[in-house]
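Chain IDs A, B, C and D follow the sequence of writing; residue 1 opens each chain.
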């Protein structure tokens, strides 16, 4: 057996995928915590447990993401944009555009007929368009991240966040609460402002159907709905949006 | 946080309560007020005049008057340090620099745009480190060689912090770096007022010896810190409240007041 | 090429030394030869605070000057060069003379400030603001900056030139009153001739970069441009240097020697380089990225024959105006409406056959940033050439993240490969 | 169409739905020409019977489209204006006239032509100094503008038509001054918020209608009963303020805004244009020299070879001191939008100047968005407290 392993160490979560050719044989997602090196090792152990595959059988290993350099056992490092493109293609062959919403940034990637990156744009160095923004707001509203989507879909009149800064929006959210806005409306507001930022990225790089969403953002139905409304498309959502980049890394690891 | 200070006619502080601030300001105000009154064993009716200040000043149902935290701060700080010319206040929501002369506010600068220059910066990051904010000061004192945090945005500072940890940098050195970061940001802003002694540092962060040192270093002047750096605003409001009350009494004008009549003043700092 | 770089630096340093030997000096905005020849002919040594901002950035003294400027109450989002200079001037006033930490001997107190109305407001508001720190008179030199259609209207060229000539006469009158002496017109004629010649050679040199592999990299352009862009010191010596440079590049062309080992990608760079991290380009060079054309604002004008123009001031006016509007005719034909700053990149990328552009928006220099998004869009739409955007700053190092850009490099290569194919399909010549 | 409404009510109506009248007139076959800031020569549009319509941004609308053609580090007002244009909200305009007022304004005109490209457009490359050469050049540029207008409209733009238009606009300027006189009493006869509504209305309708509106407003406010007393009178200097939200905020925390030096205020209407046999020359002069926007480089005297900082400040800012005295203001708000260079550079000098004069000033640097105004509340309130 010639397995290959892809490791994606993100700012919030770390993901690992073992593939056999294009087949996923094992995958896992863990919080990155405060030390990327440790995160990488924990991932490896976790995967060993889950897959019962001994590391001798793993021929090739590639790492990507924020902490790519911290993965001691990685054989090559690959930029996460390429990984994401390859990953999504192995799941949806028809996808030409990916919206990748990560913990600290968002990016839009165009993919050509050969599955290569034909264009990409990354959000500015600002967390406002990222999942972290949601985390912060969820935190002050004291709602579980997993419930955000549901709640936001129930919004009556979403609030508008005109300010850019994610942390700054915190106090804005607080005052909205005291003005009597519901959690639902505030969350929907956050989703909208993230969707706005993302539509700017889409405008900048253009898009071609079909469009998929990956990264943590792909788990948030509220955000998905907001993006679909703002950009005017239906998004294809993989079963495990978070692991797509790691999957791509695993696939590319095998290539010479 | 929500603070109450009750003073008597001799400016003596009779009751101090510091409670949390949540989204529901109004609720908080009543809670903390209740505690303050119990604390000094007087009925609410005996509160003569009530000034609310700070972020949620409009949300204090029983306040007779609202005055901004800037004016109140100047007054409060000048009460504890009559010689103060520059006051730096690093709160959880914002950071301010005040230029003060003879207890009067002359000029000010303020940052409420970006968390990086406020107490929030340390709160967010210490939470991430799993360290209580109270412990930051003592820990940073143990730092051998502090790191430099270059990101301005709190969230990216967090990222920097993690990569330092991944490189095996000690937590102490990182915390010291965070203290420098916040100090340099705040001082850079306050410098616009041309910092003159005496310089007073207030706000929750002033309890953090590490930050006090960092500020002292960046300013290059001695930094004075009140015994209770959290209540300067509330205290100032109380003093201003008393003045309003006495002034009215002199001119025997009747002050507009929420239903109450008695002789102390109370104040809120939310 | 490195020895040559050193020699150009030498010439530049010498001129700074000359200033310190007590010649009257002026602080001057880059003015694209509109004011320089007159300043030189009046026997005044010009020093360029914009360039000095880059020097301070490279030497790492800028940060402290920026903070002084902030403390002075100027908005922190202003031009990094301006903030650096205001900080420096504040120090100079406090100390009563040049701060010891000032790199390259610092800038001595000027007899006047030559501001510019061209390209951005900072270039005159900044010198106006220096009035807080010393009582030095300011002359703001006007330069027309028409739109493409307006600039190509009947009679527009003539009255824009007439404007510049009148403006120059007023400027000369100002200088003669200020310095209490008359302009030496013969000297002016000579200086103009030298500056034109220097620009001609420099232009021809850059033309040589169109061949594959490109014999000269942007890094070398930026170091070699200073003599031409900030004329100072012995012009004849400079002309010889540019002559040698031309020969050197010509030789490389004949021997098919590229500026980098293996030219895989021909790149354009816009606009101001990250002076403090130029090593960044060497890392990209290892990946086969050869930067073959760059920074429109730093380039000499497309040559025009001015031999028939008798009035030296009119010759200057036409020359500088040619620099600004040299691409307007083709912009008009292409129906592109941002004729300077933006359109030239379309022309560059086509004629230098670039595979991609690296665009460098600056947080504190809006002027060098405003056009970049439009350039990115037009390059893609009109020429099917992709651009990668790397944010940074000219002075504030904190804002530039080369590591990030290098992480993206491999992905961008995939991107450029894709559009090579697209261009081939669409029958574009490269 | 609401024509039955008069005076302040009418002004407010137009303020709230600016384009309504312009679109009516367009249906009647009039050409509506947008213009950005106060440097395009609107007399010339009026003279060829077109309707000048000033374009603004919208602080209440998040910027989503503009960011792909302008970086986020430029004037947020102009970004917002472009954003609205890209969203098609100015599609009713037949043309657009822009000027080289400030740098980003100039860039915006090229971007506007590239992406929105209205039927007619013209860019006036306004010079940056008051040099003689610059004044003559400005006239040449207006000559070009005239040619282009004649080509577009097929009308001859004669000096008589031009002078007639100048008279009409001077009339409007005179009436605005009259209105501003009514801000001098204490309490003023008209609030800052109402004033802004009126002036923004003027910039949305033909000059004749504007003059009638002004007349109505002046009669109405002089006649109505006195406004409530407040113990602080403020003046506002700086970048464009095109939404009442900011003024409401000021007048909501215990002050009246009694005077301004902004381009939707006195700066736009106080300079008048002389009627001469060379109208282009007097327009060129008035617009370049008389409009007191810091975008123009000014010296205390032309071509001065000796410089004196105090003299310089005096020549640049004395008119503000006169405003403060005549309108009896207690303090001045210095407002420079984030990334607005031309105003930002003035601030330390202004603070020096007013410091000398013992006049209290506060400097604010907001972003151009409704939510960015909220935090200003405390600052303005505290400033008012320091004045007492």
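As a working rule, contacts are C-beta pairs under 8 Å (C-beta built on N, C-alpha and C of every residue); 3 or more make two chains touch, one makes a residue touch a chain.
Just so it is clear, the model here is predicted, and its values are computed rather than measured.
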item	value
Partner chains that subunit B and subunit C have in common	A, D
Labels of chains that are neighbours to subunit A and to subunit B	C, D
Chain whose average C-alpha position is farthest from subunit C's own	B
Whole-Å gap separating subunit B and subunit D, where each centre is the average of the chain's CA atoms	40
Inter-chain centre distance, subunit A versus subunit D - centres from mean C-alpha coordinates, in Å	46
Centre-of-Cα separation between subunit D and subunit C, whole angstrom	34
Of all residues in subunit C, the ones touching two or more other chains	72-73, 373
Numbers and ranges of subunit D residues touching at least 2 other chains	68
Shared-contact residues (touching 2 or more other chains) in subunit A	124-125, 204
Arrangement of touching chains [line / ring / star / complete / other]	complete
Subunit D-touching residues of subunit B, taken from the complex the two chains share	67-71, 104-108, 110, 112-113
For the subunit C and subunit A complex, residues of the former touching the latter	373, 376, 386, 389, 391, 401, 407-408, 410-411, 414-415, 417-419
Complex interface listing, subunit A residues touching subunit C	78-79, 81-82, 112, 116-122, 124-125, 204
Complex interface listing, subunit A residues touching subunit B	11, 32, 34-37, 66-67, 70, 104, 125-127, 132, 140, 165-168, 170-171, 174, 177-178
For the subunit D and subunit C complex, residues of the former touching the latter	68-71, 73-74, 100, 102-104, 106-107, 109-111, 113-114, 122-125, 127-129, 131-134, 136-137, 140, 144, 147-148, 294-295, 297, 299, 303-309, 312, 336, 338-339, 341-342, 344-349, 351-352, 363, 365
